[in-house]
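What follows is a pair of complexes built around chain A, which joins chain B in one and chain C in the other.
Coming up: the complex of A and B.
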């Protein structure tokens, strides 16, 4: 080796290049260090520290760095670093701090601790990211799960909370109920829904019920006859209407109408039966009344008097799954009622029309293929067709569907999954002209609720331990004499027992009175009287129990069973009835303003039950339990929880049960 | 300026919405919290107070003193007192006990929502909806 200078044998150019490279390397290192010190989350942590030291006025020289924060939740497969910037999220003192430091609104973190649930399991977004954009606060390309907007948050709740009505949700519960009500689950497979829920008329009896004009009008536009039709508009062409009519109208099956001499019918008496039976509890007339059953506004233009007569006498013969009870009416009453309905509600709705000519039998084959193609038999049972066609796509993972290419949505609307679902639910024809799905005519808020329910159906299942579901209970099918009466009078169309019973489109049963423990709530005598002769216990309640005309011996059987089987031993008990306790109860009654809602004597409010004769109706143990925890027994009740002590509740119950019945007042009619 | 923009947007013929679904959630001019408050109100309070808090519920005429018209009465009640009435009843302010305590039946979030809606209900009807809805209240 020749001793010499560094430059010996090395060209000057190479030396310069090497120096340049070294400088570049140095610059890169400096740049990297500076950039790392200036990353978004460090900047926020610095500002948060400044915020804190300004408050404490310490002026401490700490750099405020807490390092990258994260929650690692292996079973949810999530690493959430959101708290690296959202530093005050669990600090109740940061309600008014600027974002991203503000306290989490509401009390959600008490039930969903971030260290157990992370952030993105509720909110969506990309938890591992440490920048605003990277975390997908707003939709970003290639991240299918952007953060949910506040409006769509309930869809995220529904990922883990799989109950029909998850507590505290409005849109989700409503959307889930609407999906059942409109029979979405008849064509689409949705986890947890089966054929038993699908509710539509069988079509065997159609030819003896309606004529060609009605069928044509209905197929063209169901809402033209029933403004609240549960069946959607299939947007059928004129020829398809003809073909379907030709297929469904020829007589089939063994169903026949009962013979009746209608010339003797008295429509006036029929009107009395109509009002006395409280048909409007379930049926709507001219936009007013119940929504459990179809509106009767134009029923006379749809079905013949003979059919109405036969239906009223024995609805279950025609439609085994109908919600309608078999009222105990005499043949004359049924005849008069049929005549009244036909006469009083006989107008054809405006714009609802179709020719009365019999459809051409040659089109029946074509009609059959439309019947199959559009999945009519998914909802409507008809001999020769399987139940539940499920002709539509499965919806199990619809909330995670990646739309490629960008979907069709209404013009000017962002092509996101929520918007696509909303557009499709609102009107499938807006997405695809030839869509097989009918147009249900949802109002905007209904479509939004259904969209939320759909978005909650996710591909990635949360672990079972993290999921809440409705308890699985076998359907309640009472047997014997009691069972036969429950089926005849369709008690479970409005009431529930053990969670079984019809749920309306609001997601709740029509009656707020569950029968599970009714025998411990009400006296046997009252039950028997009420079943035989129902009246409005809560004066202002629009839904009153229909007058089924239940026979005295039947009422005895029902009341006897309810009082011996539908009981809860924990609710049995007595209250003291001495004068001092009653007086204390009276004082509490006045102090709490109970008369604002309850009638005692001749005055009081119309919100809660009339308390006159309370002791003949209410059982003492139940009354105490109810007053102590009304919300436990009936969620959302108008009876406020006053935080009474047990002795207070007992005194109030003693007073309510001591009240005499009003004299000479005919209860009922 | 945001308010001016908002007003301008109200007057112009509605352009196709960028976000049709989000709009469907917006109940008139109410924020999500106010809308929730109104739902709670309709369920628990409207039977006496009337659907919009004008003191015209179906049970109102059974009450003495009758429920007030919020548009006139609420201004006289401080936010703290409003919360007190909801949670502990009118008796807590030394008035008639006819409006009961709802604090134990309603969750804290429902009470907060109810208070937010009462703010809306106390506004005179002449206020154009939207003019007063501060955009900040709606943003996240």
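Coming up: the complex of A and C.
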């Protein structure tokens, strides 16, 4: 057989080979075409088209290929092709659709439009990919930014939202606040955290305050004395404890205690002063009370009565940065109070019963080097030492850290970065036995919050236009007579003005009453009265303003300043006080069930302030503004937003302001 | 009418007579590289194994796939990696193109090496084929250079550090080494300049040089009297059409099938984006230089300079040293026992040391067992 045209000479074998090879070539070509036609994103688009046509019931077999979908965001340097498969993500009608076609949950896409943010800037993963595996829905090799699990999404919010308490992020806000509270930036340089926020007692005055037994007990285990201690456990060996005590205890001669005749002290009167002043607002006793300041449960076993007396009379001499106000007490009251504290709270806690013998001075040199090596002076100021000891790695870009080889994590967990951070934060000794980092004793949720906050510290710079930060404000430092009073009575330990003021470990100031516009909120008379005698406006609150015993003329100065300066012109205004409006207000009051939270007359709820005598306390313009937008004035408030119109708010305000003061005995005094 | 159009293109119609068959070779630009008649001996697959032809076909495949890839790839460090991802995920048949290009490239390095072995073992470098052997050696070096320059382009960790190792070995060469490295990289570090240079070398300079030398290589084959054959088989010839041309087409189809299959079955690797601050451990050169890297482990100058230079020089001067005409045209001719043995040992050593560098070396270049 001679195949056409080729002539003789081509053997049968060769012809068979050519037939076979040609078929093989055809097969590979067809294979390549089919493989491409059935690439994952096309398949999903086909299924989506089927879903759509099933709904339309037209039965039209549309090809359904819309082509590759992508968001190209040059300023974020991202290309996101997620919507090639996630076709219903922005379609509100697809809430019940099977994945990947389901609508995006929540209202996130309203504030984070995909065409401006893409998908991966929030979720992570590989946006360029068009397959499930390639997109790194689960971690894949060679793509270092896996998709964030639901639990860790808040960390990604923090990449752009650099403020301390971004909206809607409980874990992140909590973690960031904890990092400030525990002075992380003292040893690690934490981006966004200022060295000025490091807060710990100075140690200059330690020798005249405590004895060797207490120092030994404390260094071994701070939580033995203060269950909620902010200082971590440095896991010190016996000898190191002794050496540090030898270094820190010798007197430094600068500070001295006040002389006091303790034999005349009356502990019962001291107890009255204690209760009247409401020390428990800040100091907890036996687990009950505030956590702004150290617990006083065992204070008598720690400090001498002379020291307590001197401290109460003038705390700012010993600790210039302390949050504690200088109460206006007579020397006798201070003496009685010191005696009461020493007597009532004098039980020695477990672990502190050790020897009170002074440590050997020979160890002082060793103690000093431990003091330096462990970075004690980074938190605790001491004369002769620099202010910061950044002995630990910077935390810049810790959220992107690649751990090679596989990191040590708690047994039974995967060696991922979040797990490693969690393990380290929970117990640094688990990761490295010789770690210098102290064990802070975080509860599991606290450690998780800190982990989330750490994971939000990323290497990739977000463009400034996309980043939100807390506004940079110069610290509020009032001057003159007002300033001196603010400093003496430490108003800013609990209240904030212009964003300045102490923030607790929850990330919020202790008082929910910011003083920025207090002059427009409350009447001047009420302010003056309240500052002098802070009775309970909201009796159900555990934290109530302590009774600082502010003198009447001091209260006048404070109230005068607040009423003239801390005002917001937009809140000035009056409301009609005619009977019709007041009646309308009462009708609205009843209709909206306000008595569920507020007391009027002799009945009502305890959640909100007592509204009796509201006119003497509240200002009309403010009341209206508050009723219209409570969330704006106090984030997270329980006051509901009833969607009132302005006339309705005015009527309600008119009613509230018309209420007479309660004639019966005052509550909460 | 159509007949005239066809005739204007194909002056000789489909060959039917013997004379037409002979003239077909002469009348076509593509075909006239062939002689009108070829020796029967060289048509046997077991003689040449078609290795030279396969190399050439792989080069053509690389050119075609390479041109297609050039439409999408961007040779700038800020864009290169992303363009690779685009090719992989967004371009229709992108991954297929990329795979085909990469496997054809690796295949070409291997096949070119094997072709050189075949030519040696059949004594086909002896006069009058000395120059063609030298051209062949240069082509081998060009193939390695093309593969090496292309290796950097994906700009991932694999690429970046392989080229770091490779250019570091270049710098070991005395006096000229660091200068050559500087010339290659356009600087002291691998960055934008290096990527652009490698791109221009890979897509323009080296392929042009290759094309010219391949043309010379083919032309020399003709001028040296065709592919070699033993003295007793020199004169049996058959027309190139259809015997040679048909077999060439078959080999082309076979190569295409293999390249397609490889492209469909195995994906070319792409690691994370190049990061000059993170060195993988171990950092390995491309596989064809791993033997070199292994030798460097025994001594930088010895392994990186002396041995490779000696090997290349030996290859280049070989045909001028061994001019004895006996033993040409057959595999492992007994007269060439010594030469064949020496070459075989060296070739096996090269392969062995490459295998060691690939599979038996782990972090810190320590010995590991691959299982």
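Brief remarks follow.
Convention: the second predicted complex is superposed on the first by the 635 of 669 C-alpha atoms of A that agree within 3 Å, B and C clash if a C-alpha of one lies under 4 Å from a C-alpha of the other, contacts with A are read in each partner's own complex, and residues count from 1 in each chain.
Everything below uses one rule, namely that a contact is a pair of C-beta atoms (placed from the backbone, for glycine too) under 8 Å apart; a residue touches a chain by one contact, two chains touch by 3 or more.
Just so it is clear, the structure is predicted and the values come from calculations on it, not from any experiment.
Touch criterion met: A:451 reaches chain B, while chain C stays clear of it.
By the touch criterion stated above, A:607 is placed in contact with chain B alone, chain C being left untouched.
When both complexes are overlaid on chain A, the residue A:423 reaches chain B alone and has no touch with chain C.
Taking chain A as the reference, the larger set of touched residues comes from B, when chain B and chain C are compared.
In the superposition on chain A, A:640 contacts chain B only, with no contact to chain C.
Of the two partner chains placed by superposition, A:54 touches none, neither chain B nor chain C.
By the touch criterion defined above, A:540 lies against chain B but remains apart from chain C after alignment on the C-alpha atoms of chain A. When the two complexes are superposed on chain A, none of the residues of chain A touches both chain B and chain C. Within the complex, the chain A residues that touch chain B are 106-107, 149-152, 168, 170-171, 409-414, 418-419, 421-423, 444-445, 447-448, 451, 540, 590-593, 596-597, 603-607, 630-631, 636-638, 640-643. Against chain A, the residues of chain C that register as touching in their complex are 14-16, 21, 82, 85-86, 88-90, 92-93, 96, 156-157, 238-239, 242-243, 246-247, 249-250, 253-254, 256-257, 260-261, 263-264, 270-272, 278.
Here chain B touches chain A in the complex through residues 15-25, 27, 32, 36, 39, 43-44, 47-48, 58-59, 62-63, 89, 91, 96-102, 104-105, 107-109, 112, 140, going by the rule given at the top. Only residues 5-7, 9-10, 14, 17-18, 21-22, 24-25, 28-29, 31-32, 35-36, 68, 70, 79, 81, 126, 128-131, 134, 141-144, 402 of chain A touch chain C when the two sit together in their complex.
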